[in-house]
């Protein structure tokens, strides 16, 4: 059994890790970290876990954790993982960081967009960006995995193959993304109150959302040239789900079949990326609770643009599910272990 | 592997059966019945099953089904199962009927409340009311199980122990129930449109809802005397979940501890009934997607009444999950097989 | 023009007062009180009022307010109004208190249920309980009106006529109420976050909600004898609306027509109480944004109980609308002035 | 009093017309047209109008209507108005058509996108596109007004001034729009059921939505050259509201202040377009129930694009409110008469 510790287990992503790991046959959660609820029963914070989790919450002691577990998940705000990680810890345990600390290779870019000094820049190079569909082999050997952001996961998987195949112009990309409210976290803020979110939709972080450079970096790898793009997230009145609608100019005239072939080929062996059929638009509800990403596209011959779409559950493939997928790879398990629950509808 | 057939697989309860059975290690779905979608791919009706289910929908041929499968689930409107079942079918296969056809022992009561002639009254006596927590032993040997209604499951489990212990007066029981909209089915009716249900709550079926006699029958067994009660369901703007708030007069002065002891003792060995802690009210979200029923109560010394509360997912413990729980018992499997997924929150 | 000041104008009830008073032809809001947002533009807190309200928020100075306005609305937590009111203020201005401070005539009952010392018990007797349909004449002459609570308004109006007509036994009354989330206020609490409320329903304050004694007091007046009852509120995933489902035993056999006649007669001249037609259940959406209360009932001959139902908008008839209705009466205006906006659907 | 008739009064747009006109001091509704509910009480279809509307629904007799009313609103599917209108009718009454029949000047474009033969092409030229902020003077003199589509209203008002000022390249425009579900109408379709829409978001009509040519036509007028653009609508789980997020490349380097000056100047005297302050993103909830459109923008210096945003209530400014605004102009009333209700929040 893999022993796992979760720092930040009472945030929504942390709680989703608990849900997934409880049903994972090879893992045992040994540490429910939560600064805000130290010594309180985990199940009193998340009553869905009543009688399923008997543990109490514990402080963020990464040193001690490293002695007790095989893998640490940090589902915490930016900066925490980078401030705690060190060689001794990494020599004893693996870390999967759900924060942004190790996602961006250029520390200056990180520090500019996150307005934060990076406390462990020495580990940035070693860390692996854990988008399994792209970095599978590197993840297998990693000690430190940077679990991708929710928007970047959905955006990258929706666009990547077409850039790789050089079908679209990377600098014409516009990503208009829509997220459920769990992406905003469990902090008690007026903006996230039921009555403020319900029956409402808004854009936020327009032209300056922190996931922008992360998406640009990954897509630049695919394109082979540096990409600058527009990314606009929106808050949608639903708990879970991210929908990405991305636009780009086609570099040449292509048919629907040719584009579909590119997607199909790229994701042929992927178990969590589903290329939908002709004319079927991804919907977030169809992947809810699961690790799937549904992608599809539509060519607009009038404007010579292509509309690329992707849908996933932000807490699963966009956070906890992907973290477990990374863990599976790092420990030599079947990549899909514990992640094959079908989406729940309705 | 148990071979299963589902008649009515494209209703919400049928679709939930598919979701649960796909993850059940001992079952294989061999027949996706759906009159409305014959010859269409199941996954084109429920896109969440894209790439997970390759079958097409088939007609309601119970004779043929009986030859091909070990168990038939009928997730259909009232009357269908009763009109199709016969000795030959029952000699070849087991039936778990999710409709009301075999839930009520008195055929006259059934015919009055459902305004329907019962086509197979000869099987009413044999059939077992599949509320596992109460009829576990009978279910094991049954050929034909009447899967309980959603409201009756939640109501009965919330109240049963106190009647059994003779703590409450059965004829003072008032059940005020609230259900998510999936309980109304997938029929295209104006009343169930998003804009009509959203931001709205209403009572319906006041004083004449068909689940009333079913609840009364089960609670009468517990009490040992005939019970007549009030049952008022409400439609709530959410997909899933049933909350029952039930009221009854206490027969004598009892302490919170005594009542709790009664619940705890009655449900001591139950894996799907969770008696919550003191002062914690059940919430539907805490059991979403799972087979759990959370129950609790509060004594009001001012009125000498007790308020009994229960929450569950209407599509799982209230329909498909309970059906699988019954199937597990009928086939000698672990009762909880395939049903231990933790609730999903948020 | 009546000059009005609002203390607590940035809570949901205060903001609804602003919405209603802006459209009221005889009123001018002169003071937007809000401790939390002093010196900030009101429209920056409630962007719906952008360009409609140019004022900034001001502190809670009731003395100064009394000099400047004709009427003060206190849309604040319990205790504030009672701690500020005095003879000088009441000699200069009228007060409509939306908190509970002056709703309950027995100060001991208030102090017990609200766990608060009452700072101005000397004004309790003078104050008028502002349920216009019942205390219309008293309201006209009042200096200090206690605006009723949301649940008490809906509960009382649904039940009152039948008690007055002695058709039901007051001590068998059980009120099961359901409220939208705006009733919980705009405080930034985890429990009121979108993801915690959405797709969820729960009871709260079971057997000890503070609106219980207020309802009991009013219904006791109707009955002519002291009433003790059960009141259970529930939190529903919607912004606005209260639905009351109330149960009581009939004192004698009555027909549907007789009961309807009692309601119709009692509310014959009321402009904001609509007695619905036979078999039509009240729905909160049908009164949203308006000052109407829809009531109806159903007799259950099997249990000899009657189910009384009422629906209203908790922020309008349950708070701000009723406050304006009281104001209209106190200033000799048409009672319905500014309150005749039709409900908004969907 | 202006006598008004509504054909299609039981759709959501028709019902919103009823709500607005009931509160309009100069209008009397004389005809509640509804093919589906002929001879039924209007208030039995829309219970919010109980006791407010006593009329029964009537058939679609435009000839008779023309004799009885001063203005006819057609809130009906495409094709109906064009098939009924004739010279005699237009000589007796004014028509405001909420369908698309007279919005597009090029009949071939209409017939191609709507897959419908136009039955009255002779009136296309005469008809006025009723976007008051742009065609105010023409509307005043019109007999036949084509009330703009919901998406085109919000899109056009968000983008128009920048094209007029030649700040953006019209052929780089991408409009990503999000709409509440009332936009889908009241037809009983599975796709619009509560459980299918709730907790879900999807794009639809990708690259072929019928509002595309309407937007292109209006924006082409602004630009002075033909514009082809991408328009992608999305269905959002809320009742009301449209949010437009539009992208375009800037033609030259401009400052935030310069762009703001363009918007402010263009909308200086408009009472229903609110140009929000710096960094404030439009939210649909802030305009709910009102005739306002909130617009704002953000420059992205990294990509030299501008993001233009607009929010409005699809049933008010996007349908019924705008129709009444047009009516006010056509009858020489104050343009804002009956339309100044503040937005409702929450």
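When the chains are written out, they are named A, B, C and D in that same order, and each has its own residue count from 1.
Just so we're on the same page, contacts are C-beta pairs under 8 Å (C-beta built on N, C-alpha and C of every residue); 3 or more make two chains touch, one makes a residue touch a chain.
Just so you know, these numbers come straight off a predicted model, no measurement behind them.
Trainee: Could you let me know which interface, A-D or C-D, is made of more C-beta pairs in contact?
Mentor: Here the pair linked by more C-beta pairs in contact is A-D.
Trainee: For chain C, which other chain has the most distant CA centre?
Mentor: Following the centroid criterion, the farthest chain would be A.
Trainee: Roughly how many whole angstrom separate the Cα centroids of chain A and chain D?
Mentor: Centre separation, chain A to chain D: 38 Å.
Trainee: Mind checking the centre-to-centre distance between chain C and chain D? Centres are C-alpha means, answer in whole Å.
Mentor: Roughly 36 Å separates the two chain centres.
Trainee: Hey, what residues on chain B touch two or more of the other chains?
Mentor: Expected reply: 12, 182, 195-196, 198-199, 237-240, 283, 285, 288, 346.
Trainee: In the complex formed with chain D, which residues of chain A make contact?
Mentor: Interface residues on chain A, with respect to chain D: 171, 174, 176, 178, 180, 195-196, 198-204, 206-207, 228-230, 232, 234, 236-241, 243, 245, 247, 281-285, 288, 298-300, 302-303, 305, 307, 309, 311, 346.
Trainee: Which chain A residues qualify as touching chain B in the complex?
Mentor: 12, 15, 18-19, 22-23, 46-52, 182, 199, 239-240, 274, 276-277, 280, 283, 285-290, 294, 340-346
Trainee: If we count contacts the way the header does, which residues on chain B are in touch with chain D in the complex?
Mentor: 12, 181-182, 186, 188-190, 192-199, 237-239
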